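For clarity, chains are labelled A, B, C and D in written order, and residue numbers in each chain start from 1.
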Amino acid sequence: MARFVLSRIGQTLAVLFTVSVIIFALMRMIPGDPVLMMLGDDFTQGAYEQLKSKLGLDRSVVVQYLYWIGRVLSGDLGDSYLNHERVSRLVLDAFVPTLVLVIASLIVGVLIAVPSGIIAAMRKDSAWDWGSMGFAIFVYSMPSFWKGIILIWVFSVYLGWFPTMGYVAPWSDFREGLWRLVLPAITLGTFFSGLVARIIRSSLLEVLDQDYVKAARARGVRQAALVYKHAMANALIPVVTVIGLQFGTLLGGAVLTETVFAIPGMGRLSVAAILNRDYAVVQGAILLGVVSVVVVNLLVDIAYAFLNPRIRVA
Amino acid sequence: MARPLGADGRPFDPDGLTLPAAAPEPAALGSRAALHRWWRRFARNRGAVFGLAVFLTMVAMAIFAPLISPYDPLAQGVGIPMASPSTAHWAGTDSFGRDILSRIIFGSRVALIVGIASVLLAMVVGVTLGLVSGYYGGLVDVVIMRIMDGLFAFPIIILAIAMMAVMGFGVRNVIIAVAVGFIAPFARVTRGDVLAVKEEPYIEAARLAGVSSLAIIFRHVLPNVLAPIIVQGALRVSGAIITESGLSFLGLGPPPPTPAWGRMIAEGQTFIVMAPHIATIPGIALMIAIVALNLLGDGLRDTLDPRMRR
Amino acid sequence: MTPTTPLLEVRDLVKHFPVRRHPLAALRRAAPARVVHAVDGVTFEVAAGETLGLVGESGCGKTTTGRLVLRAIEPTRGHIVFEGEDITSLPAGRLLPFRRKAQIVFQDPYSSLNPRMTVGAMVAEPIRVHRIAAGAEVEARVRSLLDMVGLSAEYARRYPHELSGGQRQRVGIARALAAGPRLVVADEAVSALDVSVRAQILNLFVELRERLGLAYLFVSHDLGVIRFVSHRVAVMYLGRLAEVAPASALFKQPLHPYTQALLAAIPAVGDGSTSIFDNPARLLEGELPNPIDLPRGCRFASRCPHRMSQCEEVEPALREAAPGHAVACHLYTEGGTP
Amino acid sequence: MAHGAADPVLDVRGLTVEFSTEGGVLRAVDDVSFEIGRGEIVGLVGESGAGKSLTSEAILRLIRCPPGRVRGEVRFRGQNLLTLGERSLADIRGKDIAMIFQNPGASLNPVFRVGEQMLEAMAVHVPERRAALRRRVLEILGRVGIPSPGTRARDYPHQFSGGMAQRVMIGMGISCMPSLLIADEPTTALDVTIQAQVLALIRRLARELGVAVLLVSHDLGIISQMCHRVLVMYAGRVVEQASVEAIFRAPAHPYTQGLIACLPRLEGTGKLGAIGGAMPGLAALPPGCRFHPRCPVSEPRCRVEAPPLGPLRPEHQVACHVARPS
């Protein structure tokens, strides 16, 4: 187990390094000269030279990378070109609503996916199976931004049950916060449930064919215990991994859902930053987003190792 | 270690009566008879046939767009702005008075072009990387795979946004951005399949017979890895289209006035109260396309390569 | 190569597989690298036209030995001499002539043939690689090879999934013979087949040996198969040779306690009046020790009914106990009584 | 019959198993009938696809229906298991009739400790407190030859070798004192010396506990050393049934004779008596006697009319026109 976790941590560090190189390279490929942009109208040759060397942009690429990674690790992501706020503050503030949305969607997704996946597997090729798998493909194929608009149109505009948009932190005003979270969570959550339901169904079907389930049935173990104890304990292990891996897709989906529901999260921040060419903010948002994906993947790997005795008891 | 393996890879099962529901044998892509046999199996999956039908209509729609669309998609004021669906304008008109049905028909071009081009580009790059790192292994494998892990950590929308920020907008950049997002999955799947095939005895037999590495890759490894690659490609096209429409929705897609479903929906959002059809109808077209492509992908996966049940 | 030099000579062959160590283990004081002693000093010869049976239970290293001899995997130590030439460290480029003369037949008929290639193309491949024939003549040679293994020419156009297990194994044999080898390594070549089909393939192996003067290194866990097909037999246990002898001598008068236990454990077809399973006392106790941390002295000591004190101290060397009959056991070193 | 002279523990009559597939209905087991007496070991032998494993699985209704369909009668203690309610059948499974399978390692649930699984096997049928059951688990593990049962019970299945895992399965099987043990190719995945230990254990339990055993195997050697009575199956049908002495001393059916001739003997060499061709697939069964295409003594009649399984000598039945011209 320890060996597995250590090797995973080693791998994660390697991935983080690759990610940082990719982002650093992306930033270098931006057209135009960042120093010019920063000076803007009070440009003088002397100021240009001085700022350039201060930022170390005259040094070799490797040294620049080291400079850059040094600043990033110390939390200094530079300032927003627009409102001169510290990027790290902007990005962290925006990360919270996105996280709340993603977690709410995870919960909604799992609540829908687990029962529908199990029923589909238990009554294979029955109406239940076609129904839940049909629903899964339906919500999985529906682009989240369009689904959001339709939900707003029906439930907010037409029925008036929910506010059309906006975000309130659930811890500051629980009722209002939750109220505004329902539609976005359903939008993103159903997309996620479509993915997970299919995987639960195929994983469960595969486990039910295993010899140890047949052997347990031959020992007189009842059907319920067969499914919910013997099969489920094995079927859920790969599902945990998949849910973890889908965290990245969820983050991507959040970008669109936030735009539809005007939630001040990472998505809106990065889209606005791109349209305004505010590259420091774009870099900060992407850095935090991707790093969180990598960290979640690591946590999922460790959870997998813990759940699977073949690795836990090496 | 148990005794030698039985006929189907499981420990020797003398009563190896594989039940008729067992996986069909891998479709030998070469011979015509196998293709016919594959089609009979594929046609049994109604969903997949529906998917194929919708996909083909979409392609036809995209090619013959000018012939079949009732109005010029760019012409403004063709009808009263924001008119709801009527006999004159089956899908109604948008805020500029443009005919929505024509724009949907032309919009299928952007969707298909981006969807297929980005997947093909990603396939070429990803599969090559997967083949190399899978077959040769060692340091090459570790380096390529760590880069792929890095790329994989970028949710595809976020990666696309970053690429657009750097390269600017336009259909060409959308294709490249989406393609870069799909290189990692193709590389990983291909590498996994190459590793699986590489362990098969018929590869070792070829090696021990003196066949060169290149000949082994192209005559033995590639044909057996082709099926999962095609399936992976089909499964990815819908993802590419969703990503393209997402980017257009965010305003990062092809510049106006080119008709793109994503942006049509975005424009429709502001008039959702007065003219809900502006956002709804393009969304329905988009969804039908994606559901169809997903069903088509599933159908291909279940018939082409039984191993790909995940 | 003079007539007396053996076709294949293996001297003190060793193959250790590294055990992936705890990443922090490297930091600790020189903890000894733990390895799996898959093959641990094996020496034998195979004369032209002779069949050496390599038998033993799972994990004894017989399959690894078969792979080492063909340079499918690289040995840790030791020498492989084929037709008098040491090919142990020959670079891959100059191995081609050796590849032509030494071939392999695999165990699993379903995965030893490329599902996407026709039978004809597979049998033709070695012919083309070694430029034995070209153009139309390849076709003719493929037809004669298929005929030799009992398949009509019509099978050339078939794909593997259209054939039965026995037919696929025949294609595997035809492919191995395509380049005109002198040595064929048969790795559990009949283990995955049914009883009736197995008999057909075994007869085929014997018939081909006689006709083409082939030498076989026949690897199997089934002593009945080994008895039928081998001229000489080598019994392996945990990576080392326990006993090597002519087949008739080994089965009539096994010397090594492990060989005796193996023969006693085989459920031979009797008339049902008695059963070897009724007196478990004669059956071997215990499980195979793990091949990583091997005990000092004889590896079979922990399970051996004739265990003596020196068995746990010194590992017995393989020594002639009778003409052509070598055994690695202390019972036969200082004239101990078996 | 030395063993099980009294009323049989298990009485199978006309057992038939079919599968509906795209290509029509395939009959994998065709009208199989036999009995097993107390303490008797009956062998079910045949090559791949003969239907012997399906026959053994049908007894405890382990075959997934649909696509499968099982007909006929399996009489056990006066009840027909094929029509019994699911609940009462579950009571019998694991208590009165136990079953062990070919892949011991795969028959144990990889995520639960071995001791827990054994405890569950008993808790389902034996209404005792867990502490008492736990002691019983350790005692059984010891009885089937697992060293230091105390620690081993806490290990997981992947920490057991094939031989040890099969011992655990046998322990589970006998934990509720069954009257019948079905062993489907129990030692095929094991090495010769380990196989001998496991088969000796089964033989000892049959003798000591009077358990009736149905042993399914493709290995004639095991059958001849283990069984009291033997059924030979070919393409879904029983072609010969007799005591083990009769089958090996005077096999009547050409297929049985061929199988015995195919086996390499430990003494003497010379060509093996091979049977030509291969067993027909269920979708392409020949008319009449299913063995006639491979049969050295087949007559025109064999190609038309399937020979019934009838008595040749007391306790010796055969289904062959040539061996038993009616």
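Basically, contacts are C-beta pairs under 8 Å (C-beta built on N, C-alpha and C of every residue); 3 or more make two chains touch, one makes a residue touch a chain.
Only a predicted model underlies this, so the values are computations on that prediction, with no experimental measurement involved.
**Student:** What chain is the most remote from chain C, judged by the mean position of CA atoms in each chain?
**Tutor:** Between chain C and every other chain, the largest centroid distance is to A.
**Student:** Given the two chain pairs A-B and A-D, which is bridged by the higher number of C-beta pairs in contact?
**Tutor:** More C-beta contacts join the chains of A-B.
**Student:** Name the chain with the Cα centroid closest to the overall protein Cα centroid.
**Tutor:** Central by C-alpha mean position: chain B.
**Student:** List the centre-to-centre spacing of chain A and chain B in whole Å, with centres computed as mean CA coordinates.
**Tutor:** 21
**Student:** Nearest whole angstrom, what separates the Cα centre of chain A from the Cα centre of chain D?
**Tutor:** The answer is 53 Å.
**Student:** Take the average of all CA coordinates in chain B, do the same for chain D, and state the distance between these two points in whole angstrom.
**Tutor:** Result: the chain centres lie 49 Å from each other.
**Student:** Considering chain C alone, which of its residues make contact with at least two other chains?
**Tutor:** Residues 58, 165, 194, 221 of chain C each touch two or more of the other chains.
**Student:** Can you list every residue of chain D that touches 2 or more other chains, as numbers and ranges?
**Tutor:** Answer for chain D, listing residues that touch two or more other chains: 47-48, 103, 191, 218.
**Student:** Which part of chain A faces chain B closely enough to touch in the complex?
**Tutor:** Touching chain B: residues 11, 14-15, 17-19, 21-23, 26, 29-31, 137-138, 140-146, 149-150, 152-153, 157, 199, 202, 206, 248-253, 255-256, 259-260, 270-271, 273-275, 277, 279, 282, 286, 289-290, 293-294, 297 of chain A.
**Student:** Flag every residue of chain A that touches chain D in the complex, lowest number first.
**Tutor:** Touch list, chain A to chain D: 210-212, 214-223, 230, 233-234, 237, 307-310, 313.
**Student:** Per the contact definition, I'd like the list of chain B residues that touch chain C in the complex.
**Tutor:** 1-9, 12, 14, 25-26, 28-31, 34, 200-202, 204-211, 215, 219-220, 223-224
**Student:** Any idea which chain B residues touch chain A in the complex?
**Tutor:** It is residues 146-147, 149-158, 161-168, 238, 242, 245-246, 249-252, 262, 265-266, 268-269, 272-273, 276, 279-280, 283, 286-287, 290-291, 294-295, 309-310 of chain B that touch chain A.
**Student:** Residues of chain D touching chain C in their complex?
**Tutor:** Touch residues, chain D against chain C: 47-48, 161, 163-164, 191-197, 199-204, 218-222, 224-228, 243-245, 247-249, 258-267, 269, 271-276, 278-279, 294.
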